[in-house]
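Note that chain A is present in both complexes that follow, paired respectively with chain B and with chain C.
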Partner chain A sequence: MTELQAGQGAQPLAPPRIDARPQRYRDVLIALVAFVLLALLPFIFGSKQLLDFVIRCAAYGLFATSLNLLVGYTGLISFGHGMFFGLGAYGFGLMMQKAGVAIPVAFVATLAMTFVVAVVIGAICVRLKEIYFAFVTLAFQMLIHSTILSWQSLTGGDQGLRGGIPRPPFLGIDLSNHLHLYIASCALLVIGLFLMRQIAQSPFGYTLRMIRDNATRASFIGIDVWRAKLTIFVLAALFAATGGMIMALFVSGAYPEFAYWTISGEGIFINMLGGVTTFLGPMVGTVLLLILNDTVTRLTEYHGIVLGIVILFFAIGLRKGLMDFVVEWFAQRRGEGRG
Partner chain B sequence: MLEIRGLSKSFGGVKATDNVSLDFPDGSLTAVIGPNGAGKSTFFNLITGALRPDSGQILLNGVDMAGKTPPEIVRHGIGRAFQVASIFPSLTVEETMLAAVCADQRRAGVMHRRFPLAETRDRAEHAMELLGLASKRNRTAATLSHGDQKLLDIALALVLEPKVLLLDEPTAGMGTEERWRMIDKVRELWEKQKITVVFIEHDMDIVFKIAPQIVVLCYGRILATGTPDAIRSNEAVIEAYLGSDDHAGAVA
Partner chain C sequence: MTRTRKPGVSRRSTLALMGAGAVTFAAPWVARAQAKTIKIGMPTILSGRVAQLGTSSRNAVMLEVEKVNAAGGLAGRQIEMVIRDSKGQPQEAARIARELVNTDGCEMLLDGEASSGSFAVHEVARDLGVLCIHTCSEASSLTADPKQHIPNAFRCVRQGIHDSIVGAGYAAGIAKTKGLKKWATCSPDYAYGRDTTGEFVLYLKKFAPDVEIISESWPKLFQPDYTEVVTKILQAKPQALYSCLWGGDLTSYIDQANIYALFTQMEVFAVNMADYTALTVVKNLPKGIHSGDRYIKTFPATPENAAWGDAYKAKYNEYPTNWSWQNATAVMFLNEAVKKANSTDGKKVAEVLTGLTIKCPFGADGTVTMRADDRTLVGYAIGWGTTIPQEPYVPDVKAGDWKTIFELEAEWKKSKGYT
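Right after this comes the complex of A and B.
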């Protein structure tokens, strides 16, 4: 194709082009700074509670952000994403308890198992349209939950995996040491978020946005919609399983609640709280939900009602998550300033 | 060269496309006309894989497209735009073009690099300039005017560098003046890009003015094919379509 001469005169008027490379360096920098800050936290505040809080944020944050890759970026509303959180926790716990392998081996093996399960379940689910996708993912969640409950000899049934998960040291890292566990959780969180950010800002991430906006049109520009949906379904499952593994390490066990549908519900809740239009929305939502959970349960036994009211406020009052609201507010202010 | 051979499709008992055979030589510009329900859109949907033909062949340079999926057919070089602009509302014009080029370059699945890719830019830029959308590159598609959305839809098809471009009513929903501007654009694209263009159009003035070749469909069958003059004087066409009160003015 020949270069078009027309329109060259208008070039200086055009806004600067988006450039990919500085954005990526910026994200690497943000990730490093975030990790250093998190790593310094224990030396500034000695509070064990605070570190516990951050570890839980890491587990749920990875889970919720991976759910947003489905909900916010691809338009796949999964009500069963929690099954991979549960699978991660149980897979890892069982691997450590029964096979007695090194932690990195169990980590990779759990991811491999999650991968296989997610491919099978995803292959069935991503063909389905909106509400059916939601229902069938929920059904698989219940299937996995009841399997865990009824397979007592392996999973301990409703008692969960008890007796603690052995955490033998590896490469000088001892995850039975609270500080080591904290640093490892932060590292996993930052790496996980960075990788997901990378996916979201890659050409594949834009393929997902196109599918969300108009899947039919996407197929008419040559995109294999089913394959792209399955890919992100499986990737999101891997990050959710990582969250589950952090949780298993944290509580040194795994419980059926980790695989119950309420976990998926909380994931959706977090996304509504934080907002799905910004990458960090779910992370903000996670922190909000955990703070709410911790404070409200301390104040009243009816914490369900309080949380319900809060979600209603976001859903009906703001009609968007907190980060969506903040970003829009800044955009508006900037717009006014220019005008 | 796009050759349609004995293409048929029925919905229940209704034959929406009935044994249609047509040739679209390379670089031709053809208008498809016909009354409502003549099977024009079905014809396009069959060629692009949105519908699976019951029988018949769709040969693009000798390769049969019948039974292939829309992504496969697009990759073989048949692009289309839609009657109702089919775009990605939340993406900007520039993002839309870049993402479409990525898809065409089989880079829609690339995760290890950042969007946009440098190697996709020139083509996206070129398509935006061709359609006059370059100055609106940072607007999200949802905020564009109706006409610009139609142009963006066409740009989406064109940026893939198709061999054959199918335009389903490029002027649908436009005012008279806007229609002419759009149709001039279509003709300009056809002349510049030297690709095969097939478009559906209701407005007879437009069809007779710009299309060197016309296909008339009626009840899923080909009623007539030929030059504007031949169609204008074809008795079957006059009786079935042009002679009706609706279009009497248009022909006169």
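Right after this comes the complex of A and C.
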């Protein structure tokens, strides 16, 4: 090596700074357009079923997308993510029933409670790898589910929170009005997705991808893997809890089934259906699953068989989620076009 | 050859899709405009472990609806039932109930949900103001708790508290005669199991104060193996055992306890035994199990009840269940209320239903009443008897006394802070 070369090599590296702002502006624009479109839907169609559908999409969509932050972006396959959905629903419902506070206060307080629980559970779970992580999260979920069932005086046991969730109006928003609830759910969905998108696209998001691909290498370059995993575990829990709160408002109650493992199973199924490699995969999966569920249960009692066949088709036939398939297909076509 | 058709979705198919979408969402209005029939929606459980709840409810409803339709329908309108499976999930029950009313144009709901699902449908009824009759949920709090009271929701179902009062009275009588002082309990570990057992024990001790509970077992709901529970009870050596296990859990328990000859060593009081679903499934039904009546065509011992049980059996090739008579009664109530109101308007029907007494094959005295103050079913046939291994399975059922039930129920409500 010559001196000159050495001198050049010794020059401080100036990594190209990627300006994330244009991308963020684009995301803001997409979020605004999506919100406006969703908000206009009731005025175009006026179908109450459509409103119910979108509200449920918001609840499950936030839940499934937050699960994808763990599964797709970090490689943490959580089987117990549903506990935060349940915690959100119960926390919010109880706060409204017992404390009688304003809705935004209950919303923030529920998030704070979920934060604390997620930090405690996450601190224990994220140390574990793969199947151990999956099973310990499942164990915590069942613990929370059992607690809800047994703590009858507070939670109403298996009968759930009785008497409906009061929804006093705030800032001119009356969530007992179905249209208001719809708009609020859409807003929460769009804001939630936007925030999760920003997390996924941030340097932290790329750190998560690195941890997913090779956690040892990530720790060797100085990343605190445990802290990063815990952070995303807690953030994902907050979005799942938001989904739970939307569901609690939709059914005007909270039931132990919301914290049961089947909800986590549905989340994983949605991710399989929609695909985990694209950000919107779980959202597409949610819409697909709910359409499938709503139409198939209308047509036949044997919906289990139909849904099972669909899972098999995606798992064995496509071997990926729908969005993964679509994205690959487009990339392939583009490649062919160039060739 | 050159391709002129561009890949992707064409304008024509986009328009076709949009058209199809518009038709889908406009369909409810078209359907409603044509409504000569009256649609009644029914969310219930048609799949999973308790699918029989939904199927036997549906069977009974259809049996009665056919009769009503043959007689001219509800105020001249033929009934069309829209029955959907909620899979036992409350969020699905709520969604389906909303969809039935908002989209399918159902004007009334029969809620064939159990436990949490019924509470979820109750909230839908509160929100939409639609007339709703619960037909499967036995949880007393559904109507006893004043927070639950809404003018458009009724419950046409037996109740845990009624069963406990009658059961405890009957059991106390036997305890005194046979000197049964040491008791054990074995019930499923969820609200119904805990509440019903707690209430039974409370009233048993009230009627027979020297009774003592020496062992309690709380197997999980849908637990497959009861060996541990059976041996625990045998070791405690009680003189009598109370259980409110039900359905498949009860039959598994009996089959497994039979191996240990448990039924020869103590008197067993199983409130949910006398239902054909349990009676006909147990491999060797032990003689002499004490049970509350769930549904049995010989109690009340009237020709009307027997005829109804036989008609059901003839149509569906199986005996009705407890859920069957409750659902049938709900349709009978609706029919009578619409006749009296001379209208199918939900509000008017609800007003008439409140406090309505109708003739019914399942009534203790040939009638049942929708009690006005909590809009719940009273006066139905309720009693206890002992089993034999073949038909009629429970030959001699001792009827409970409704006067005592009312008195103790009122006390119970007060103790719970409901009144």
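Note that in this section the second predicted complex is superposed on the first by the 320 of 339 C-alpha atoms of A that agree within 3 Å, B and C clash if a C-alpha of one lies under 4 Å from a C-alpha of the other, contacts with A are read in each partner's own complex, and residues count from 1 in each chain.
Note that in this section contacts are C-beta pairs under 8 Å (C-beta built on N, C-alpha and C of every residue); 3 or more make two chains touch, one makes a residue touch a chain.
What you see is a predicted model, and the numbers here were worked out from it, not measured in a lab.
Visitor: Of the two partner chains, chain B (first) and chain C (second), which one does A:N68 touch, if any: first, second, both, or neither?
Guide: A:N68 contacts neither chain B nor chain C.
Visitor: Touching A:T114 in the superposition: chain B (first), chain C (second), both, neither?
Guide: Neither partner.
Visitor: For A:S185 in the superposed arrangement: first (chain B), second (chain C), both or neither?
Guide: A:S185 contacts neither chain B nor chain C.
Visitor: Touch test for A:Q141: chain B only (first), chain C only (second), both, or neither?
Guide: neither
Visitor: For A:R217, decide between first (touching chain B), second (touching chain C), both and neither.
Guide: first
Visitor: Please indicate which partner A:G160 is in contact with in the superposed arrangement: first for chain B, second for chain C, both, or neither.
Guide: second
Visitor: Look at A:Q201 in the shared chain and tell me whether it touches chain B only, chain C only, both, or neither; answer first, second, both or neither.
Guide: first
Visitor: Considering the complex alone, what residue numbers of chain A touch chain C?
Guide: Residue list for chain A touching chain C: 45-50, 52, 56, 149, 152, 156-160, 162-164, 176, 247, 250-253, 255-258, 262, 294, 297-298, 301-304, 333.
Visitor: So in the complex, which bits of chain A are touching chain B?
Guide: Residues 1, 3-4, 6-7, 10, 13-15, 17-18, 20-21, 23-24, 198-199, 201-207, 209-210, 212-214, 216-225, 227-228, 231 of chain A touch chain B in their complex.
Visitor: Report the residues of chain B in contact with chain A in the complex, numbered from low to high.
Guide: 48, 50, 69-71, 74-75, 79-80, 82, 86-91, 94-95, 98-100, 102-104, 107-118, 121-123, 126, 129-130, 134-135, 137-138, 156-157, 160-161
Visitor: Across the complex, what residues on chain C touch chain A?
Guide: 7, 22, 25, 28, 46-47, 84-85, 87, 89-92, 94-96, 98-99, 102-103, 115-116, 119-120, 123, 126-127, 139, 141-142, 145, 147-148, 189-192, 194
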